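Note that chain A is present in both complexes that follow, paired respectively with chain B and with chain C.
Our next item is the complex of A and B:
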């Protein structure tokens, strides 16, 4: 499983959309039904799974699956 | 040999209260769920027995405390008990409620025993269903709502041929995963840093009481310490009373629309209403802490595994009088979001850290008010039952560990229910009336003029 697949699999645990049907444009709150608690718990899980530290400022700019994935990939590259 | 597990933080919270107050009553939770329709009680019994098999948390038991008072939990593979039927059809609904209320005061005393009791009930006015009384260490209110729906899905499957309900997540696996998360050292250090940083930045919290500053003053005198910032809490007279107020649908819609239009969650708006009231009655105190309960249910498995996941964290904000209402709401939201990210932490450790840093005297706290926002109604969300009238009710366990605990939920007609549980040792219905009245004045003034400062609102409300 590559990183994107693993990422989407985690997202899918929090919503009713399967990883296969998930697109980068999907918004966490509006399209996937995340509550604030869901979103923040999800970020904690991303940190633990991918061993990264998310900055609060960057996190506040995330609205879509694509943006979150981009942030994660950027951190990987850094 | 049975496989045992340590308690998780949410369970420990209840266990610590049991130890602190010396009775299991403080950990009781009870609810009745019924339909205004005839029920096949033989079938209902079968469904409840099947639920005990499906919902692993129901089969939890606790070991005797060791020499340090620590207990462990384990899951028994089978509990094939009978489910008795109680006929209360010759009573009024108020009388039936009173009987169930009495049951809710009962305790589960002993080790290695089942910690729940089901009763099928025939109620007045043609309502039929079941009453459940259990220990909060097995389940929280979200878990109970999921379970009620699952039982009725089983019932409609066997009775009407609806689809068999999907499997519930395995309680033991989720428990093991929670225990592993709590043991993740890196995560633990991040969470600890977040909570310690807050104390580094803001220092010792300052108690605020719905009765005003006199409560803290009394503790200062008692402890002979003029600078004391925590106040004594009631340990002996735990009798609780409940006062419910219903906010009508149109007004509730106003609050919900405000939240939606400003991307705010209802919890944060309610926290703002409550903290502004506390500030108002405490001479404009800016540093306010309210304990807010978090469900910690986000993934599918967390939603359907049952268990006790709900836990309270202190929401502490320092908001000056010249802060606009909307900015104050965002300040709270920002704090709450950060708390959510660190909600795997055991809040007992926050209190321990404060005690270490500030020498908080035993028997004192920094908080008098507690909040739960419960967006999930106790309603059977089942297409086969949707047109049938329902009677569901939570029963207080009668022993309050908190001075004032507000549960806000939604009513079936779109209104909101504000349920104030208060210790009668020091509070009266009049105090709750005032609290509700001013909370509403504050909230509605704030949402109609969000650019108004909280200072202005406190003055005008």
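Our next item is the complex of A and C:
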């Protein structure tokens, strides 16, 4: 499983959309039904799974699956 | 004397060697004992006296930290009044609340340093700002503690004097400062029927400026000799549970719902006990919850993992607990029995409350106070009934407030006022739907026509305005859905929009 697939699998735990049907434009709140806390809890799982440290201030600016993935990939590059 | 000073002195004397607070610094667990915390509290209290602050309102802006609670206790065990504010509010709202609360000093999180200049420029009454830290190039707790050395200690405020002002959403679109006395807080702490052994581990996950967290996690926890562990971020709640291994936690329903998603999607072959260990840290026995409705479904589900979910009911105006289920006396779906210091009666199904935890009134809002408090009876705005066993149930609301499952009370008018600043918005109603906020908007048709905008352009322009609003707001006040209406809202005989019919269209 590559990074993106693993990422989407974690997203899918919090919603009813399967990883295959997930697109980058989908908004966590509006399209996937995440509550604000689901989102935080999800990011906590992302940190643990990919061994990265996210900052609360920067994640508050994330609205879509694509933006979250981009942030994660950016951290990998760094 | 029934005040916070007496409450705290009992903690200091009875739980001397025990740990009072644990928190994380990077990945290390730090700890302070009741004795250590008392020394810090006393030093800050004397420092405030040295700064000439007596009988003054002192604000705190920051998230949960040992420095926050040290400062809060220093204010309220002395002769000043604490004004805790939501650190996530936009600067303009914080300035407004600092001014409206007549605060004369401020404890500020170092993360909000950027706010300092704004406060200095726009809050003329604020004479001192101390950062909630021990190392800073600006005045912080270290200097304040040192300044109190050799100064005579002050007496604690009397039980009928104010201890704290807590801001809560107002139905008129302006938040209201709930005035709670020393006795209000102390009697609420004493009346919640719950006892644990000293040394019991609690983890605090709720915002500390909320009455539920402040009184029940912190003041109640201290009164029992508990170790209160600080969850530094919602991002790490599950991880922190495995670090601190709490036995008891206070949560809002949203947290319970979110944790349940983790439990429900786990590999079914993992035994419940192992899963509970992974998700709850291994020692969690009790979750107290309140602030919003919880579906009883979750209570049954969490029981399967060995965790009792006990629902209660309260509001800032009641310091805050009114009723609570207890480990020995509970009923699923109800919000528990009234505390011994509380009387309840009903008026047109609305729950009215009287007792020693009921607030003094709203700060500088005599009309709002008179509307809410009549002969000592507080109108809760909630409808309910008491069953044959004495348990209270809620079944509706009489006020406009939107209660989200994270316990935040949202005044729709407050947000509507901001959204209506867009020239393209003719009418707006904000509703709570699907546990988020929906803006229902009837656009300014003439302006749109003059600009040659079609429906898609109108929508996109309004959405951009909302996106801009959202960025400036804490997550719970963000608009999560937009509905653009073809027709104006239905109005009553006095031309007021009928909020209850906001989802309907004018009949053809």
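Just so we're on the same page, the second predicted complex is superposed on the first by the 78 of 78 C-alpha atoms of A that agree within 3 Å, B and C clash if a C-alpha of one lies under 4 Å from a C-alpha of the other, contacts with A are read in each partner's own complex, and residues count from 1 in each chain.
Just so it is clear, contacts are C-beta pairs under 8 Å (C-beta built on N, C-alpha and C of every residue); 3 or more make two chains touch, one makes a residue touch a chain.
Not measured: the values here are computed from a predicted model.
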Partner, of chain C and chain B, that touches more residues belonging to chain A: C
Partner chain in contact with A:61 - chain B first, chain C second, else both or neither: second
First (chain B), second (chain C), both or neither touched by A:37: both
Touched partner set for A:2, first chain B, second chain C, both or neither: neither
Intersection of the chain A residues that touch chain B with those that touch chain C: 13-14, 35-38, 40-41, 43-44, 47-48, 56
Interface residues, chain A side, partner chain C - complex: 13-14, 29-30, 33, 35-38, 40-41, 43-45, 47-48, 54, 56, 59-61
Chain C to chain A touching residues, read off their complex: 233-239, 254-255, 257-259, 261-262, 265, 405-406, 434-436, 471, 475-476, 480-481
Touching residues (chain side chain A, partner chain B) in the complex: 13-14, 35-44, 47-48, 53, 56
Complex contacts: residues of chain B adjacent to chain A: 181, 184, 186-187, 190, 265, 294-296, 298-301, 333, 336-338, 340-344
